[in-house]
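In the two assemblies presented below, chain A is common to both, partnered first by chain B and then by chain C.
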Partner chain A sequence: MSTVSMLNTSSHKRKMLSEKFLVYLVGGIIGAFLLIFMLLPVVNILRLSMTQYSTEAHDFLGKFTFGNFVNYFSKPVMIQSLYHSLWIAVWSMIITTVLAFMFAYGLTRTTIRWKKALYYIAMVPLVAPSLLQAMALISLFGSNGLLTQLLHLKWNIYGANGIIISEVLYCFPHAMVILFTALSAVDSRLDEAAASLGASGFTTFFKITIPTTKYGIFSAAALVFNLAITDFGNPIIIGRGYHVLSTEIYLQVIGMQRFDLGTTIAVILLVPSLIAFMLNYYFTKKSNSMISSLAKPEIPPSRPLKKAGFTAFSWTIAFILVSIIGVIVFKSFIKVWMYNWHFTGTHYQFKIPGGIGVLWTSFWISLFVAVFGSLFTMLNGYVIEKKKPFFAQPLYLLSVVPAAIPGLVMGLGYILIFNTKFLNLDNIFYGRAAIVIVNVIVTNFTLGTLSSISNMKNIDNSMEEAATSLGAGVVRSFIRVIFPLNKVSFTSNLIYYFMRSMVTISAVIFLVSPDVHLASIAVINLEKDGLEGASAAMATLIIAVVFVTIGILAIFSRNKKIGKPAAAEE
Partner chain B sequence: MTKDLVLEKVSKKFGDSYAVRGVDLVIKDGEFVTLLGPSGCGKTTTLRMIAGFETITEGTITYNGKVINGLTPQQRKFGIVFQSYALFPHMRVDENVAFGLKMQKYPKNKMDSRVNELLDIVGLRQHKKKYPAELSGGMQQRVALARALAPNPDVILLDEPLSALDAKIRVKLRAEIKQLQAKLGVTMIYVTHDQEEALSISDRVVVMNQGVVEQVDIPVEIYKKPTSEYVADFVGSNNFCNGVLKNGTLDIIDKTFVFKVDYDSSLESQTITAAIRPERIEVMNNRDSSKLEPGNLLTGELIVFTFLGLIVRLVVKVGDKEINVDMLEKNFTKLKLSRGDQVTLYLPPDGFLIFTNK
Partner chain C sequence: MKRKLVLAALVAALILLPFAVFANGSKESSSKGPSGDVVVYTALEEDETADYLAVAKKELPNLNIKWVRYSTGELAAKIIAEKNNPQADVIWGTAVTAVAGMKDLLQPYKPAGWDKIPKQFKDPDGYWTAIDMFVAAFCVNTDVLKKKGLDMPTSWADLTKPEYKGEVIMPNPGSSGTGYLQVASILLWKGIKNGSNEGWDFLQKLHKNVVEYTNSGSAPAKIASKGEIAVGASFGYRVAKQKASGYPVALVFPAEGSGYELESDAMLKNAKHPAAAKAFLDWAITKHAMEGYSKYKLMVTLPGIESKSEIPLPPAKDVKLFPMDFNWAAKNKIAVVDKWTSLFQDKTKPE
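Here is the complex of A and B:
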C-alpha cells in the first residue's frame, strides 16, 4: 500500500468519526432538551406530590409523605372531581368515536358527494382554542342563549352535559382522522368478497368492517379519552361548579395556593391519561399492521337510501362544526348578545393588559414554536430513523411521552421547577416568552416526531447512500437530499405547531406573566370576567390569524410537488 | 337446460363515457373463459357487472334463463377471487373458508368436513388455524380460491388473481386453477392482462379493447388468426407494415419493398396493414434460394440479439426498418452469428396476416 492511499483511509476514518460525532451531538442535544424540559418537571411534580406542604408558609417542607393523597381521597368533594373527569371522558369517548366513525365511514365507504369539503370542514375545530365550543354552546343554549330564548328550552347546558357536548365537538377531528385512515387502509374489496359470499350489508358491516378497523376504533377512542380528560378550556367555561381534575388543579394552585393538592391531583390526572396514551399507542401500531399493501379503495355506488342518509348525517355534523365558529364570529360584532343586536366593532378594542398586542405576542411566539418545533422534530426523526445511534430507543421513548402528559400538568411542572434556582434558568427563563415557546414545543413533540419518522421511513435509504457515494457528507446530504424530500411533512409540521401554539390553553395558563400575555389566555380571562363580546372578538382574531397563516403556508408549499419514485410506492 | 351465462348488448357508462360498450357473449356451463386486454379496456368492469358490483347501464345479463340485472351480489351467488385476495385479516384460514357457508346457513355439523375438504383441494389443510398475514401470497390466493368455492357456486369470477404473485408461482397456480376447474366442472370467468396466461388457461379467450370485444375464439385461433390489427399486436408479437395489394403482391407504402403475399382476391387494390410474426420469418443459411420468391428475400444487418431460452430474438435492420425475427436457439448457435453480420431473411407469402384499415 502506498502512503497516499493510507492517508486517504485515515482522513476517511476521521470524516466518518466526525459525522458520527455530529449525529450524536444533535441527538444528544434533543435528548437533553427533552430530559430537562419534559421529564424533569414531571418527575418533580411526582416528588412534590409526596412531599409535606405547609399551608401557612405556602411552601413544601421537604419531608416525604403520602399525606397529600390521603388528604385527597378522604375528602368526598375532592374525589368527586375524579369521578367527574372519568364520567366526562367516557361519554365523550363513546359519542365522539361513534359519530366520527359514521362520518369517516361516509367519506370512505359510500359515494356521497363533496367528500373533500366535508373532510376539511371536519378539521375546522382544530383552528380554535378548546373553549370555543363551550362559549358557543353557552351563547346558544345557556340560560340567556339564543336558542334557549327562541325555542323556550328548559334544559340546562351547564355542567356535565355541556362539557361532554363541548368535548365531542372539540375531539371530533382528532378521532375522525384516525378512523378515516383506518377505514381507507383496509381493502374495501373485503366488503365485496363478503357480499359475493352472501353476507348482507349489515352482516358485512358488523362481521367485516368493524372487526377489520377495530384497532383504529380503539386507538381513536383512547385518544378522545385522553383529550377529554385533560382538557381545561371547555370545563372551566361551561362547567359552572362541575369540577373536573384539570379545573381542580387550576383552582387549587391559582385560587388557593395549594401546590400540594395541585401536584397530587396532577399525578391523579396523569394516571388515566398515561393509560389512555399507552392504549392509543398500542392500538395505533396494531392498526397500522392491518394495512393491506394491496388495498385498492374502489367504492361501488351506494344505494340511494344509504347515500341520502350519510349525506344528511355528514352535512349536519359539518353544519354544527361550522356553526360553532360562526356563532362566535357573529357574536363578536354584536353590541350586547340577546339585548342589543346592533353591529359594532367596539369589542375589538380590548381593555386588557397588553391590549391587541397579546395577539401579536401569540403570533410571534407561535412562529418561533413552528420553526424550531418542526426543525427539532425533523432532526429528531432523522437521527432516530436514519442514523439509529445506540441511544435511538430511549430518545424515541422520550419523544413520544409528551403526548401522554396533560398540558396543565406540564405547565404546573414548569412553574414548580423553573421558578427555583434550578440551573439558574429562573432569571433568563421564568416569566419570559422563552418558557412558553419551549413548553409548547415540548408538549407537542410527539406528533411532530412521529410524522417525521414515518416520513423518513418513506425515504429510501439508497437515496442518502447515493448522495454519499457522490461525495456528499452527512450535513450536505441532509440539506440537499433529506430536507427537500421532507418539505411536505416539514410544512405540515409547521402548520401543526403554529396552530397548536396559537390555540393552546392548558399548557400555558400557568406560564403567562405580567410580561407575557397570550391571546388564547386572554379569551379565557375575558370570558370569565363576563366580557363575552370581547372574548368572542379575541377568539375570532385567533381563528383569522390561524386561517391566514395556514393559507399562506399552503400556497408557498403547493407549487412544488415532489413525486415519489415509482419503486418507493410499492 | 344448461346454465349458460349470456351477455346481450351490455354497456357501462361512467359519466358520459362508455367503459364497456355493447358486449355480446355467451359463456357455456362449465366453460373457462378469459377476458383479456390492457388496463382500462373494460374487462374488469365487465366482470364486476357480472358479479353485481357495478350496475348495468344498457343491455341484459341472463343466467340460467333468468335476467339477473337487478340482483345483488348476494343473490347471484357467484364466487369471486380478487387480485388482492381480499381475505378477512381478522379471521383464520378455516374461518375465512367457512364464512360463505355460514351465510348460507350450511348445517353446522357438516361445516368442518366441508372446510377440510376444500382446504385439501388447495393443499392447505395444515395451515387452517393460521391468519392470512402468516401465509405467503400464493397460499393466500389458494385460501381465497377455497373460500370462493366453499358455497359450491356454479360460476367463479377471477379478477387478475395471479398478477400480484411471483412469476414462478403464477405459472404453477394457474395450472392448478385450470385442473381444479376441469375437475369440478365449474364455470370460470377469468380476467387478465397477461396474454400468455390467457392463452394457456382458457377454453375461449375474449380480447377486449376500449370497452369493446375485439375477438372471441379458442386460444389457437386468437394467436394464429387474429381478426384485427389490434389483436395481432396485443397477442404475441408481430412485424407490421402498410401497403397496397396488387396482382398478388404487397406494395409497401414507401415503395421500399414489394412482397409476394397470399390474400383473398376480394382485397385487390385495397390499402391494408400486413403483419408477420417473428417466428414465421426464416433466416437463410446458404440454402438454395432460387425457388423462393426473390422479392420476399431481404438482407440486413443484425443489430441486436436477445437470448430468451428456447429461442433467440433477432433485430435485423433492413433499410430504415427494424424487423424482429425469432429462431430456435440451436439453429442460431449453428450459424455463429454476431452483431453487425449481414443476414438474409425470407418472409413466406403465406406468413402474412392481412388487416383492412377501417
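Here is the complex of A and C:
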C-alpha cells in the first residue's frame, strides 16, 4: 500500500517537473524568438543611429557619434518631416476618432437597421493594402481624376490633405472596433436614467456617454495616431513631395543609400509611435476595467430624426468605404483610366518577376503566418496568463512592444542584422520566405497576444484543475480543454494574421528578394512603374483572395463571430 | 510520459518547421549543379526584362536565373546593405553612374566579346560594361496643354518660364538614375567643369516650377500621362511607351540636347555563383541579347545593331545628344546630390 502511494507521489512529482519543464520550454522559445527577431534588430538600429557612417566606404565605421542626430535636427529640411508626420497623425487621429465614434454610437445606441451589415462594411478597409486609399483618391480627385473632371473641382488632393483623408479611410475600422467595444461594454441604462431625469439629448451625450467611454476614445485615438504616423503606403503615393518620417526613411536608405540617416530617422519615428502605443495600452486597460457585466437592456426606439440622421451618416460612411475598393476593382478592367473607357482583361496579365505566382507566394506565406502566428500567440497567452512562470512579466512586456515599432523600422532592422554572419542565419533565413513570415508574425504579435490573454482570463481555472485532477497532463488539458475554449479567439487571430500578411507593405518592402516576390509589393511597384491598371488588378486579386479565404474559414468553423478582427475580442 | 515527449517534440518541430523547410529548399536548388543558380539584380523595367529572359532561358538552358527588379537607387542600397554577404551575383542594366561609385564592391570581369564594345561604353579595368543607352526626354500631356492654353515646351529653358509654374515634375537625382543624368547634363551644359555656377542658378529657376521630385525616373512620365500634370521630365523609352498605351502625350527631346546615361552590367565581389555569373554576363553582351535590348532602347552598345523598337522611338541619329562626361558624373555624384538635396529637397508643397 505504502509503496503504491510512494510510487504515485514520485510519478506525480515527475509529472509536475516535466510539466514545468514544458511550460518553461514553450515560454522560453517564444521569449527567445521575440528577443532575436524583435528586440535585437531594433536595438541594432539604435546602435547604428549613433555610429559614424562613411559614404565612400559604404559602411558604418564603428565610432560612436551623436552626429546623425545633430545633423537631423540642424537641417530645417529634415526636421520638417517630423512636423509633417505629427501634423498628419494628429489630424487623422481627430477626424477618425470622431467619425468612428459616431458610427459606433449609431450601431450600439440607436435603433437603426442593418447593424450587422454596417459593422462588416466598416471592416472592409482591412482587406486592402494601405496604399489603396491613396490610389483610389487620386483616380477620383487627382488633377485629372474622374470626379475632378465631372464636377470641375478646383482643389488639390495631393500633399497633407490627401494623406490625412487616406489615413482616415485606412484607420477607420481599427478605431471603430475599439469604440464599438467600449460603447457596448458600458451599461447604456445610464443614458436612459439621465434622459428620464430630464436631461436633454446633448446633455446626456456629453455628461454621460462621453465620460463613460472616455478611455475607449483615448485608446482608439492613440491607436490611430500610431497607425497614421507609421504608415508608408499612402504617403508615398499621394504625398507628392510632402515628406513624412516614414517616406523620409525610405528615401534616405533606398534613394540615397544613407543608412546612417535612415536609422536616425527610424529612431526619431520610434519616439512618437512608442508614446502613442503606451497611451493606447494604458487607456485600453482603463477602458476594460469600465466594462460592466450587467445584462444589456433593449435600446429604446430612437427618435425618428435621430434614427434618420444616424442611418444617413452610417450609410454615407459605408458607401465611401466600399467605393474606395470599388473604384480600384473597376479601374482594373478599364483600358486607360480617363482616356479610354473600354473594358479589358489585359491588366491581369502580369509581366513581373514571378508573374501571377506572386499571389500564390503571398497566399502560402500568409497561411504560414496565420497558423504559426495564432498558435504562438495562443501558447504565449496561455503561458503568461495561466501558467505564470517567473518570467511571465518580461515575456508579457516583450510581447506588447511590437505594436509600437513601425513596420518599416522593423524591416530595415532585419536587413541590417540578418545578413551578417550573425548566428549564421544569413544562409537559411535572409532572402528566403522565412524572414518575411517571421517579420509579419513579430510585427503583429501584440494584438494576437492581448486577445489571447483576455480570452484566457475568461476561462475559469477550475476547468483546467478539473482536467488535471482527472489525470490529464498539461499537454492534454491544453489540447482538450484550453484549445477548444479558445477556438473563437484562435480563428479570429488566424484571420487577422492572414489579412495583415496579405496586405502589409511597410514591414516587408525591404525584404523582397529574387526568391520571394510578394503581391502587396507588386501593387506598389506596378504603381510606381506607371502600370496603374495592372497595379489595380493585383490589388483586386489580393482583396479577392482575402475575401475567399475568410469565407472558406467561416464555412468550416460555422461561427458567427468569424470575421471580427482580433481587436474586437479585447 | 512518452506521449508527452512526443508531443513536446512535435511542438518544437512545428516551431522549427519554417526554418527547416526553407533551409532544405535552398539546399536542394543549389545542389542541382554548381553553375545552376545565378542571382541577378536589375534596374531594367520589368516588362522588358521578362522578354530578354525568354531569350536567355533558351540560350542558357542550364542556368536557373533568379532575378529581382529595383530602381537604380534601391539596387544600390540593396548591394550596399548586403555587401558583407552578397546575395546577388550579377548587376544587369543599371545606371553606370551608380555602379562606378561602388567599385569596391565589384569584381572586375571582361565578358567574352568585350573587345567588340566600343571603349567609351566600358570600364577599362572591366568593372562595368554598358549594354545600352537611355536618353532624357519630356513627357508632355497634350490634353492638359490644351485645357490650360499652354504651348508645347521644347527645351529645358522653356520649362523655366513662369507659365509652366506648377506644371513640371522631375525625378530626384539621389534616388533616380534618370534624375541624376538630367541634373548632371544641365550642370555640364552650363559649364560647371570650368567652375561656372550658372548650372545651379538654372536649376534654381527650374525648381520654382517643379511641384515634386519623384523617387523613380519613370514616375514623372506616368504622372504626366495620367493628366495629373503637364510636363514630366523622364526618359525616352518610358514616354514612348506611355504614348503607345494610349495616353495623349508627346515625346519631346530637349532642344539643348538630351542628357543620356548608360545602363551597364557588373559582377559582384564574392559572388556565390561565379561561374554562372560569368556565363550570364557573357550572354548579356551577345548579339542575340543586344537584339533583344534594341526592341526597347534608343541605342545599344554593340555596333551594327539598329534600334528595332516596336514603339515609336525616333532613330538615334535624329536625337540631339548632349556630350556627357561619365567620369565627371560618377566622380561628383555624391557631392552633386548632397548639394542638390540641401538646396531643393524642401520642395514639399505644390504652390
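Everything that follows uses one rule, which is that the second predicted complex is superposed on the first by the 555 of 570 C-alpha atoms of A that agree within 3 Å, B and C clash if a C-alpha of one lies under 4 Å from a C-alpha of the other, contacts with A are read in each partner's own complex, and residues count from 1 in each chain.
Please note the rule applied: contacts are C-beta pairs under 8 Å (C-beta built on N, C-alpha and C of every residue); 3 or more make two chains touch, one makes a residue touch a chain.
Because the structure is a prediction, the values reported are computed rather than measured.
Clash or fit: chain B and chain C on chain A?
Overlaying the two complexes on chain A (C-alpha atoms) leaves chain C and chain B fitting together cleanly.
Determine, under the contact definition given at the top, whether A:Asp187 touches first (chain B), second (chain C), both, or neither.
It touches chain B, and chain C stays clear.
Have a look at where A:Lys386 lands relative to chain B and chain C in the superposition and call it first, second, both or neither.
In the superposed model, A:Lys386 contacts neither chain B nor chain C.
After superposition on the shared chain, which partner residues are touched by A:His347: those of chain B (first), chain C (second), both, or neither?
The answer is neither, since A:His347 touches no partner chain.
Identify the partner contact of A:Ala195: answer first if only chain B is touched, second if only chain C is, both if each is, neither if none is.
It touches chain B, and chain C stays clear.
Please tell me which partner, chain B or chain C, touches more residues of chain A.
Ranking chain B and chain C by residues of chain A touched puts C first.
Look at A:Arg500 in the shared chain and tell me whether it touches chain B only, chain C only, both, or neither; answer first, second, both or neither.
A:Arg500 contacts neither chain B nor chain C.
Output check: A:His174 vs chain B and chain C. Expected answer is one of first, second, both, neither. What do you get?
Neither chain B nor chain C is touched by A:His174.
Of all C-alpha distances between chain B and chain C after superposition, which is the least, in Å?
So the smallest C-alpha gap separating chain B from chain C comes to 44 Å.
Which positions of chain A touch chain B when the two form their complex?
So the residues of chain A touching chain B come out as 186-187, 189-190, 192-200, 203, 207-208, 211-212, 214, 289-290, 292, 294-296, 300-301.
Flag every residue of chain C that touches chain A in the complex, lowest number first.
On the chain C side, the touching residues are 1, 3-4, 7-8, 11-12, 14-15, 18-19, 21-23, 25-26, 39-41, 45-47, 49-50, 66-69, 71, 73-74, 76-77, 80-85, 87-88, 102, 104-105, 143-144, 172, 174-176, 211-213, 215-216, 218-219, 221-222, 225-229, 238, 242, 245-248, 334, 337, 341-342, 345-350.
Can you check the complex and tell me which residues of chain A touch chain C?
That would be residues 14-15, 18, 22, 25-26, 29, 55-59, 75-77, 80, 84, 138, 142-144, 156, 158-160, 236, 240-243, 250-251, 253-257, 259, 335-340, 351-353, 368, 372, 375-376, 415-416, 419-421, 426-434, 437-438, 473, 475, 512-515, 517, 525, 528-532 of chain A.
Mind listing the chain B positions that touch chain A in their complex?
On the chain B side, the touching residues are 51-55, 72-74, 76-80, 82-90, 99-100, 103-104, 133, 144, 147-148, 150-151, 157, 164.
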